[in-house]
Amino acid sequence: MAKYAPNLSELKKELDEKPSILKGNYSDKEWWDLPVEFRDGNWCFPAKPEVIEELGFPNPRKWAATDQDWKLPDGWQKTISEGLRSRLKKYRSLKLFLDTCVRCGACADKCHFFLGTGDPKNMPVLRAELLRSVYRNDFPLAEKILKGFSGSRKLTAEVIKEWHMYFNQCTECRRCSLFCPFGIDTAEITIVARELLNLIGVNNNWILAPVANCNRTGNHLGIEPHTFVQNIESMVDDIEELTGITVEPTFNRKGAEVLFITPSGDVFGDPGVYTMMGYLLLFHHIGLDYTISTYASEGGNFGFFTSNDMMKKLNAKMYHEARRLGVKWILGGECGHMWRVVHQYMDTMNGPADFLEVPVSPVTGTKFQNAAATKMVHIAEFTADLIHNGKLKLDPKRNDHLRTTFHDSCNIARGMGMFEEPRYILRNVCNTFHEMPENTIREQTFCCGSGSGLNAEEYMDIRMRGGFPRANAVRIVREKHKVDSLVTICAIDRASLTPLMRYWNPGVGVYGLHELVGNALVMDGEKKRTEDLRENPMAGFEDGEDDED
Amino acid sequence: MIEKALKGNRNYWAWIASLLAVIAVGITAYNRQHWFGLTVTGMGRDVSWGFYIAQFTFLVGVAASAVMVVIPYYLHNRKEFSKTVIIGEFMAVAATLMCLLFILADMGRPDRVLNVLLYPSPHSMVFWDVMVLNGYFVINLVSGWTVLGAERRGVPPPSWVKPVIYLSIPWAVSIHTVTAFLYAGLPGRHLWLTAVLAPRFLASAFAAGTSLLILVTLVIKQCTGFDTGKEAREKLAVIVTYAGIVNFFMIGTEFFTAFYSHVPSHMHSLQYLFFGLEGHYTLVPFMWFSLLLGLGSLVVLLLPGRKSSPKWLAAACTGLVVSIWIDKGVGLILGGFVPSPLEEIVDYQPTLTEIGVTLGIWAIGLLVLTLLLKVAVSVKSQE
Amino acid sequence: MNKERREFIRKTGLGVLAGICASSAFMPAFSLEETVLPAWDEKPVPGKIRWGMLIDTRKCLNECSECVAKCHFVHNVPDFGNRKDEVKWIWKSSYEHVFPTSTQQFRTSDVLQRSFLALCNHCAEAPCTRACPTEATFRRWDGIVSMDYHRCIGCRFCMAACPYGSRSFNWRDPREGIKLASVDYPTREQGVVEKCNFCSDRLVRGLIPACAESCPQKALTFGDLNDPKSDIRVLLESNNTMQRKPELGTKPSVFYII
Amino acid sequence: MKKILIPLAMVAALALVAYVGVEYLKLQFIFGVVIPYAAAVLFVAGFLYRIADWLIRPVPFRIPTTAGQEKSLDWIRRNPVESPHRAWEAAARVLSEVLLFRSLFRNTRAELRKDASLAYASNKWLWLGGLAFHWSLLVIVLRHARFFFAMVPGFADFLDHADSFFDVTLPAFYISDAIALGAITFLVARRFFDAKVRMISLPTDYFPLFLIGGIVLIGVLMRYVVRLNVMPVKDLMLQLMNFGFDPPGEIGTLFYIHLFLISVLLAYFPLSKLMHMGGIFLSPTRNLCNNSREKRHVNPWNPDIKFRTYSEYEDDFREKMKKAGLPVEKQ
Amino acid sequence: MRINKTILTIGLPALLMFALLAFFRQSGNAVESPKAPPAPVTVDSTRCIAQTEYMRANHMKVLHEWRNSSVREGNRVYTSPNGSRFQKSLNTCLGCHSTNRLFCFNCHMYANVRPKCWNCHLSPMETP
């Protein structure tokens, strides 16, 4: 971390002392005169040529953002302007959002990157202006006449550098969109800008490598089927050791009732694996007839951060696999952007899923009418329904060693609208839950700072700054209520909040919601539990441990 | 922050809806008055002020009583008032707003209200009253809102608020003094022409306004579970007791001056109010009820231990509020007009329209108070 | 052109016009008065004149109310027939009502039976002008306490301040209470206060107040109190007179011979 | 500074054009009849074109910004306006944006305080100023109906009456005039004094503000200060409404400046950010239902993408899968 | 399908526009386009206090100023630039203008301006 991020006291000093327009210091320059500077920690490594080739993307080459010459392909200006033109035809949202902004500034201080960096171009309105200024120059006739009056500018290599910088300092979290009086969603603009950049080979390895992996092996991490199974089986062993219960997940099994898909981070990464153990315990507890696919082994979709086509391509596997296995419906694990894709895009892109049935919980009989078309249920909805119907034996005291707060992941909050279910579950599985301050939760939640494929190690500087508003909110509940556990329902959050907390709020752990469910579940035939899924001692259960010894 | 007032449970919205219904009645009634003129009220040539001005006078007192929490909290740093002080300030805001609305409702030509500012007349007490009331409204709203806003986001309030809050203390005294001067400076009205009127207003304000404040805190506790603290309430009850005693003492001195001097014109109004004059007895039962109720409430407050029982406290406070509302609102205003300068007696009775408008304005005041307190309680009880 | 225009008005505004005509229905047929130049043609010097009135109550006939009728007709004072909405500029009342603080024991029965005229006293120290928040009522250059109906906000503070009950409020639209209208003076609007103006509208035309003019007994003497040679001053100096409620220090300009 | 002065100078120059044109060149007919017609045509045609131009572009995905609980389990209270599930709920959402500026109501101001801590202050001034600005302008436009119709429509008459409630000046003082001028001042001042907004503001942001400000100011001048005879103005307006081409009567130059600036505003409207007036109704993040899991949304250009099928995958990993005990389709 | 949509999106507003135009045309035909009222012939404008044009635009200002100066200051005489003297009174105006009963209302109705003057003061309508 040290190499790519300033140490905390330096960053704090900078936030305290450096003048910025966030603090009301006027800038003496116009935004288009501000230079773009790439330095350690503020750019992601570009995709390796072999990855580009594997994906069939244009302009594979070795380059770095710090290079003077980015080796853009011949005629790149034309590629960009034609790319933009065709996308304007395809998306009303893009055209409308480029046209209707009045620059009222309501969004200005809503972006976590702006709050963390103080960089004016991180005000969502200016981020969009980066593209808008070029659009205005190339498109509507009248504005062309009024050039210089409307802030139009030419498309130059400098502009591309600026795009690369700032459209990769946007996590498509949509917080700005919430406050915009016209609902202008910078995410829509960032999505298109990143598509355009990909057209001329300006890209991000941390996004494209997982995309290539996912295409080939079925998941972002590139885990091949046998390793995938081994990983889960080692979790099964851990679970047996901790609880004395043998859970029995099945793989690629035809005829199961439910296909379970979760981000591969839950299978491979710490602390996601504990969440996975939670799922396995839960499914065992209720005796769910489910299977896990090694082919559709990824819930997340980095295609979403690449291009519309790529998103569709990666997503197509879910329905394809569900049809092949003949399941009735799909259950999805905890993930942020996975659910944005499933909720808002999947059925449109790869539906209709006529071969599936409207999901019905086999335990409670609840029909998930809200998933009648997609046929895919969110695990939090599923579990909340179980708890509400009293189908789970829970002992919230088992989470007494944790004082929790809940982080709404941006996609689940503003791209799906799920707020109550996870809170309901959390209140049922643990006894101490405190909300963070009101302007930082629910629909106003702050991004972890590393979403949308920016979770790269070399990007640590920007990530720690972008996560600052979230970390600051956690700090407040930590000081006020001694909160030490940040619960979330997003795989990227689990991966990215962990270093963020280590950086800003050491001592705060990051947990998946179903990890806490797994802790609290009282399983039939289990042995005396004294440790949570992380093998940390539970509070208040030590006596039992002594007895056993 | 006001968005907090837009979130509430079923009871909250039912309360808001019923207030809105009453406001609608009030608007309808006012519309009638605006169209047909003030003839639709009970006022007339001889009793030319009535219910509206009575409510106004009473509510100025309610507004002024905010200092009874501001002084101990900000001047003497008594922490037990920390939760009550915002309620006092917001009550002052709502009460001042009602005062202004009652003045407006009483005006024959509300469309010309801006004339007061366009042709400022420093020799007129009304001009000063409009100034101090608007000022008090702004001071309390701004200071209360700012302090609450700072508390909501967990930061210290900006430094400019302190002077504004200190300013509110003499300002509170001024609103009631100027209001008393409205009456006390008129040559032909013997009931009002007394130097003790301003101090009497202040005493009754600190008794009735503070009682109302105690009642509001009790209602909040009942409805939201937000408790401003027993200690604060009991301290306020002490203030109520002494202010009440001073108030009744001053009423007594008025009686002495009038009846011992035996000047007929000085006695007439008091005779009309308390004993009836020339066959007119309309207000006599009300005035005695007020007097006995007020004294009874004071006795309850003075009895040991009764203050700490919420029920007794609520009863005594309600008693004092009603007593002073009758005495200072209705009695004082009507008593000033009867007998008239020509020694004629004309009884006054509010009409339904007048009562409708009055209820409407009270409902507006309660609505504003509810919204403000909803915000305050939401902020104060946030995690 | 004109015809077209009228045609248009007829088509578009018949309703509005009808309304206006209806409201004017109570107006008798008459022609407007010729424009007359005022009795003085310069801006008056403040304080030079102070108009006053002396009422010789001995001459006043109990059954006569010519002055009241004339005044109220000339100034379009409405009559609604009830006390509550009553508007009056000048009226007759008993001794103990007009002089409540001067009632003494054992008055002659003559005085007790006599009726007394009451009207605005046009006080030199008027409490009403002090109370008015907009200077809608003010003391003019010639001592008349005047009302500016265009500025009055209808707060009725002047009514509370007036110790003589001389002020009336338009509780309702006064035009409804005018049976016979005069063109010499405008009507008032609902919601403003009005009172005797000492016929400032007539003074400007060189006429004396309507009440004084109409009195068959010539009981009312009007004149300049600042002019020692004026009739009123001569009478004041040769008679024992009194003012209403002199103890209040309002210095009324209306005097009574009892 | 330049980006403020240039639009200001532009508005002044436009006013000067009308002044010179009418006062010296006597082009009353051009400024009173020709230009207003041209501007109206440009406005209507341009506005419709821009709307149509948006409408013909598809909305491939259902992307509402969800600001409240979606419809899920029956016992979970959902938020029908912030996360609309039915069309009328989405319509209510759009209307709440259009009429009440719902999203701006949420506005906060981030404060970076000492010791690197953030606080979010409730900040509704922009909401209030914007609301005051738009509503007062709407009222002003509607009550101008008295110039455009021989018989004034009832609601415009009512608005006129309510707007001139206060009996202050002659001719009657309009409350909306004061509010509009105040709001414009606030919006300009905000662009100038707020460091963030100053940076994002372009000349195109100041220009319409100054233009509208100029129009209102001249209107106020005409009504309360200079005083024009409104008879020929109404003649002209009625004629314009009837598509006549008679030369206008004697009207003060100020009126022509007022009319010319309005014409410029009308013509400029479809070319500029002012089109947000139409755009707000079409915003896909606000006008779509959040029910994409329940009802299928169709993308008219849904591309046909070849994805890696299971059989291709199995072909690659068959041996490894078999070793791991995974079932395979082909042996 | 898409073409239909396009036609609909352009066609509908166009239709609406056409309907609006038709409506205005129609309403225009119903009433002949009225002109500003001509100066009433019966008025001898040389005797008026000012030029007709000035009075048309500023009569309210004149009346307002007259009222203030006469009622509050006793300044009752107005001397016009050509030396004629008038009493500052609405009656001065109506002395001439009452011959046309629609004198005020012609324009005031045309412009839909309803001041409160006539609530108290006589209008030409109220003369025989």
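Think of it as A, B, C, D and E in the order they're written, each chain with its own count starting at 1.
What we mean here is this: a residue touches a chain if its C-beta (ideal position, glycine included) is under 8 Å from a C-beta of that chain, and two chains touch if they have at least 3 such contacts.
Every value quoted in this text rests on a predicted model; they were computed, and no experiment measured them.
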Original post:
Shared touching chains for chain B and chain E?
Top reply: C, D
**OP:** Note down the smallest number of touching-chain steps it takes to go from chain A to chain B.
**Re:** 1
Subject >> Centroid-based (C-alpha) most distant chain relative to chain B >> reply: A
Original post:
Taking each chain's centre as the mean of its CA atoms, which one is farthest from the centre of chain E?
Top reply: A
Subject >> Per-chain Cα centre nearest the global Cα centre, belonging to chain >> reply: D
**OP:** Using the touch rule from the top, work out which pair, A-D or B-D, shares more C-beta pairs.
**Re:** A-D
**OP:** Could you give the separation in Å between the centres of chain C and chain E, each centre being the mean of its C-alpha atoms?
**Re:** 34
**OP:** For chain B and chain C, let me know how many angstrom lie between their CA-based centres, rounded off.
**Re:** 38
Subject >> Centroid distance [mean C-alpha coordinates] between chain D and chain C, Å >> reply: 58
**OP:** State, to the nearest whole Å, the distance from the C-alpha centre of chain A to the C-alpha centre of chain C.
**Re:** 84
Original post:
Which positions in chain D touch two or more other chains at once?
Top reply: 55, 106, 120, 150, 167
**OP:** Two or more other chains in contact with one residue: find those residues in chain C.
**Re:** 8, 12, 189
Original post:
Taking each residue of chain E in turn, which ones touch at least two of the other chains?
Top reply: 31, 34-35, 37, 110, 116
Original post:
In the complex formed with chain D, which residues of chain A make contact?
Top reply: 11-12, 15-16, 20-27, 30-31, 88-93, 95-96, 99-106, 108-110, 115, 118, 120, 123, 125-126, 129, 140, 142-143, 146, 149-151, 174, 177-185, 188, 215-218, 224-226, 229-230, 251-254, 294-295, 308-309, 312-314, 316-317, 320-321, 324, 342-345, 347-349, 351-352, 366, 368-374, 376, 381, 384-385, 388, 413-421, 424, 437, 439-440, 443-444, 468-469, 472-473, 475-476
Original post:
Contact residues on chain D for chain A in the complex?
Top reply: 3, 6-7, 50, 53-55, 57-63, 65-73, 75-77, 79, 82-83, 97, 101, 103-104, 106-110, 112, 114-118, 120, 126, 130, 190, 194-205, 207, 271, 273, 275-276, 279-280, 282-286, 290-299, 301-303, 305-310, 313-314, 316-317, 320-321, 323-327
Original post:
Can you list the residues on chain D that touch chain B in the complex?
Top reply: 105-106, 111, 113, 119-122, 124, 165-168
**OP:** Enumerate the contact residues on chain B facing chain D in the complex.
**Re:** 1-3, 109, 111-115, 118, 149, 152-155
**OP:** Would you pull the chain A residues touching chain B in the complex into a rising list?
**Re:** 434-435, 437-439, 476-477, 480-481
